[in-house]
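In what follows, structures are represented as structure tokens.
Note that subunit A is present in both complexes that follow, paired respectively with subunit B and with subunit C.
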Partner chain A sequence: MRGQRAGLMAWGFRVMVVGMVLAAPLGLPPFYVNLSGQVLIYAILALSLDLLAGVLGLWSLGHAAAFGVAAYTAAFLAERLGVSWGIQLISGLGVAAALGCVGGLVVMRVRGLYFMMLTLGIAQVLWALAENWTGLTGGADGIPGIGRPSPFITTNSFYVFLAACFALNLLVLWAIHRSNYGLILRGIRDNALRMEALGVATFRARLGAYVLASTIGGFAGVLFAWQQGLVSPGVLSVDTSAETLLMVILGGAGTLGGPILGAVIVVLLETLVSTITARWMTALGVCYILTVLGAPQGLYPVLMPKVARVFATWGRWFGGIGDGKRARVEGDSPSLRRATHPEGH
Partner chain B sequence: MLELEGIDVFYGPSHVLHALTAHVEEGEVLALLGRSGAGKTTTLKTVMGWLRPRAGRIRWRGQDISHWESVRIARLGFAMVAQGRRVFPSLSVAENLGIALNPTSPWSLEDVYQLFPRLEERRYQAANTLSGGEQQMLSLGRALVRGPRVLLLDEPTEGMAPAIVQLTHQVVEMLREAGITVVLVEQNLAFALSLAARVAVMNKGQVVYEGRAQEFAAHRELQVQYLGVSTTGLRVGS
Partner chain C sequence: MVLEQLVNAVSYSMLLFLLAVGLSVTLGLLRVVNLTHGSYYLLGGYVGLSVVRWTHNFLLATGAGAATTAALAALMFWGLLRRFLGQESAQVLITFGSLFIVADGCLAIWGGQTYTIPPPPGLSSSLLLAGAHIPTYLLLLIAVGATGAAAVYWVFERTRVGAMVRAAVDDRELAEACGVDVRALSFGVFTLGGAIAGLAGVLGGPVIGVYPGADLAVLLLALVIVVVGGAGSMLGALLGSLVIGFVTTYGSLYFPEIASGIVYLAMVLVILFRPQGLVPARGLDQT
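What follows is the complex of A and B.
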């Protein structure tokens, strides 16, 4: 089967490229390895937010809520109760999913500005709790002294662990983008009423996406707690939410490559520019404004065709990784049938 | 049979449908006519469950569906092709068709591509980059692969070029021959009368005339009385 072999080769190529890019920082000094790890964590967070912002068209201003709550859960369990890292991870994800479930029941009833205000409100309430409930959260000092998961203690080994988590997460999101569920979410963004006329229970589909985004955001939060060894109210602040949103906007919403590129740019700029000048916020602001004016769709959709042109063949394989918009639906698909015709019609 | 019995629908305080009563036989094409503002679109939306009747009953095969969620009504096999832009703009042509695809439909994707080769050429193109006529082809293709039991068509020929009107005519004929129940809201009287078995004329939220399409087509005075227009001098779309 020639087609199958070509498909396998394309996959092999993708895995190789992603693997090489992820492995590259291992040769660098520890500071840069840590920085790269931070990029990966924020990339996971930005990808999870993009599920709402890019795929579903709902711009959350409170995505830090999922991130922070999971980080605090892992930190509390690690530092106060000393449970194993597996339990920390599962509890972190569980709490983020529960928050997504309860919060989603409220915020998924509204859209647009109201959605932004409600998500912001929830995150701010949690931030205030973290800041003031000193007994539980350590207040402004946060919870220090969180250990890393046991075999991955050193800088390099923990980075490998992060890279594996990132790759897993990328695979999951790629599958969602390509799936009929992803298609249904984009259909809801375009026209929810028309989607209901096709027999899709849109509220349930949207709630599912919110829980999913929350859970993956929580995953990033747990990884963050481990990497930093300290969780403070900053993880729940509006700064974190806004920064994540900027990554998505800067990189390009609705694609897989966009939020990753956004995370790379924002984290690197923040870290590197702040070592050069104390006015780094100004420099960043100018960068953002220029990007939004020059490439309102985000940098990834603008840069990708150019990269693809340079590596003509490589680019074709690359394109398949990134852009959910080009997902192909052909022929009959059992999962779509189940989704739209559960009563056997 | 789809029966509407004494339906009252309000938009806020304004009373739009007044004890509307009508019925559609299974497998027939019913033309729902009337001047603009008569409540034709409102009637379709009410059947789809997008609007709630404050009084009256909607029955499908004897079952009361007046207060069902629209999702549930859609799953019964009801589909609506609404007025204006009828596609998912950011999805590709293939995705637009795939999302509506129903394996029990008499038509497959291949049938649609055969009927509209243009759609196959543009299968990976986003729907909002299609021309108006191509979007119409796409929405007709969606109606076919959806294979509904009851299709509600809201002014399918509005603003369409003659060639596209012809195609639309052909598709409604195909649906009719497959035994699909069609409720056709139309301003193009000649188009509607050439397809429908029966007509129902609405005025001010009520059905004021119901009868056979042939009879309505033959009597100019009926057309003038209820619509203020007639088919004299108009050419049928096929």
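What follows is the complex of A and C.
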């Protein structure tokens, strides 16, 4: 009974912290509220990519495909047909899921570099279509004039909407990470043959993960279309894909906090440093390299135990919420991975 | 018209081969996806441009371009990548970070314009051949590319060092056990690959030009070629370059709407039907 209550309080504590962090930008000027919204959108995108890159160990260099296709779908429906935002959202998710289904059947046949290149190839073909099929996509100019979902027009209210979407997404991904399915995916990453021998339909599991990642990526795409009000071929470009992958790796693949942290760092560095100096690309590059030297597994696995220790201390002050020993990083440790997978891939 | 297109396609293929060969061998030997490879092209091209402007000597420019990128590649390998062999995510961060830094450095020094390097004097005209105007520079490109390909092929297939590299690509541990110094070999191959890509930057300067963003464009092309041809295989790089060179040239002629995507379409088809590439190197498991 006591344990249940402590668990409930720990949950309350977590929700409070997340809510406070999400609400904090509302006190800032509109520019920063928009920027925070952008961070949230990219965090959703990075989290969805992490289902492939971190949980399943497949480095996709074409995640912009799902993002961009959903963004274009929403933009097209909003601008050309003027349908309501609910239909835009559902259509965007549907198209992204369909792309994940069809694309997944293709790309899940290969691994490693070849997976990277196939995903890149699909995204690049779509990008070329967006650039050149002017009748449908507006060509290089893209589709402008997309409205935001109706009650969330102002900067602050739309940010609240984004924050709610982000929280929902975080909850879904947390559930996936914790579920048997998440465990199966990690098992496939570490030793597919063993999982197969255990009777897991590995292809179906991997295909499911791809569809899921694609759908959530599409969710981020629809949100992006609404936030920007404009969708141009850039959303499908390799820059978007690479940037998202870098967020995941920088923050720490295979964790929930990592991709979020990565999105925060990359978006803030790009936007804020570029207002200070024209050499923001150098800053970003140096940041990547320093991260590798200091934290080869990403920043989150390094920072998390330290932050958790602080929170555990606070928790003890506030009456036994949280427990230092339980503060662990979701995902895995490299030594564990080596132990379970001595072949060393 | 037919001959002109053919010369275009072949000369472009040769340039692509010079670009991709280093990437292919480092990938086969080190299992490193070097995302900085396109930056060698960019840096080589810019250095070549400056040298041509100062000295009006194209040959010197190619040497300077190749030397600069060789130094950069050596520095990257010795300073950073050597410690992260086998760690894919760390390599992606390092090589992408380096791409950013080199691109930004070039932008700071040479600015944002598109430059074309003037071809060497005497090679800026065109030749009337069977009723077709063939730029003589493209013929030089074909000659250099073919010679380079032959030289690389000879070193790779016929010399002791080449045999050592092939052995290390096929089975690194066994090669090490036989007394091959794979680390020194890797360093050499990585540096040489960088030098050849820098050379390609100078040689490609009069045709493709050097501009911000060329690094990424060229990197993607090189990656496509490596995947189409098969990583770690010399013949594969050559074949992949020819396929991509011809697909690009004739694709933009007949399907201009999807010209920028047709290369990737070709790659997707190749991966679907031959997942290990057209000419796979033995010992690499990709599927």
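We adopt the following convention: the second predicted complex is superposed on the first by the 312 of 345 C-alpha atoms of A that agree within 3 Å, B and C clash if a C-alpha of one lies under 4 Å from a C-alpha of the other, contacts with A are read in each partner's own complex, and residues count from 1 in each chain.
Here is the rule we use: contacts are C-beta pairs under 8 Å (C-beta built on N, C-alpha and C of every residue); 3 or more make two chains touch, one makes a residue touch a chain.
Just so it is clear, the structure is predicted and the values come from calculations on it, not from any experiment.
Peer 1: Would you check which partner chain A:Val172 touches, where first means subunit B only, second means subunit C only, and both and neither mean what they say?
Peer 2: After superposition on chain A, A:Val172 lies in contact with neither partner.
Peer 1: Can A:Ile90 be said to touch subunit B (first), subunit C (second), both, or neither?
Peer 2: After superposing on A, A:Ile90 lies clear of both subunit B and subunit C.
Peer 1: Can A:Ala308 be said to touch subunit B (first), subunit C (second), both, or neither?
Peer 2: So A:Ala308 meets neither subunit B nor subunit C here.
Peer 1: Just checking: does A:Glu131 make contact with subunit B only, subunit C only, both, or neither of them? Give me first, second, both or neither.
Peer 2: In the superposed model, A:Glu131 contacts subunit C only, not subunit B.
Peer 1: Between subunit B and subunit C, which one contacts more residues of subunit A in the superposed model?
Peer 2: When the residues of subunit A touched by each partner are counted, C comes out ahead.
Peer 1: With the two complexes superposed on chain A, say which partner A:Ala197 touches: subunit B (first), subunit C (second), both, or neither.
Peer 2: The answer is first: A:Ala197 touches subunit B but not subunit C.
Peer 1: Mind working out whether A:Leu183 is in touch with subunit B, subunit C, both or neither, as first, second, both or neither?
Peer 2: A:Leu183 sits against subunit B, while subunit C stays out of touch.
Peer 1: Look at A:Leu28 in the shared chain and tell me whether it touches subunit B only, subunit C only, both, or neither; answer first, second, both or neither.
Peer 2: In the superposition, A:Leu28 contacts neither subunit B nor subunit C.
Peer 1: Touching subunit B in one complex and subunit C in the other: list those residues of subunit A.
Peer 2: None.
Peer 1: Any idea which subunit A residues touch subunit C in the complex?
Peer 2: Its residues touching subunit C are 59, 106, 109-114, 116-118, 120-122, 124-129, 131-133, 238-239, 242, 245-246, 249-250, 253, 278-279, 281-282, 284-289, 291-292, 296-298, 344.
Peer 1: Which subunit A residues qualify as touching subunit B in the complex?
Peer 2: It comes out as residues 180, 183-184, 186-187, 189-191, 193-194, 196-202, 325-333, 336-337, 340-343, 345.
Peer 1: Provide the residue numbers of subunit C that touch subunit A in the complex, in ascending order.
Peer 2: 27, 33, 80, 84, 86-90, 92-94, 96-101, 103-105, 107-108, 216, 220, 223-224, 227, 231, 257-265, 267-268, 271-272, 275, 286-287
Peer 1: For the complex, which residues does subunit B have touching subunit A?
Peer 2: 48, 50, 70-71, 74-77, 79-80, 82, 86, 88-92, 94-95, 97-104, 109, 124, 126, 146, 149
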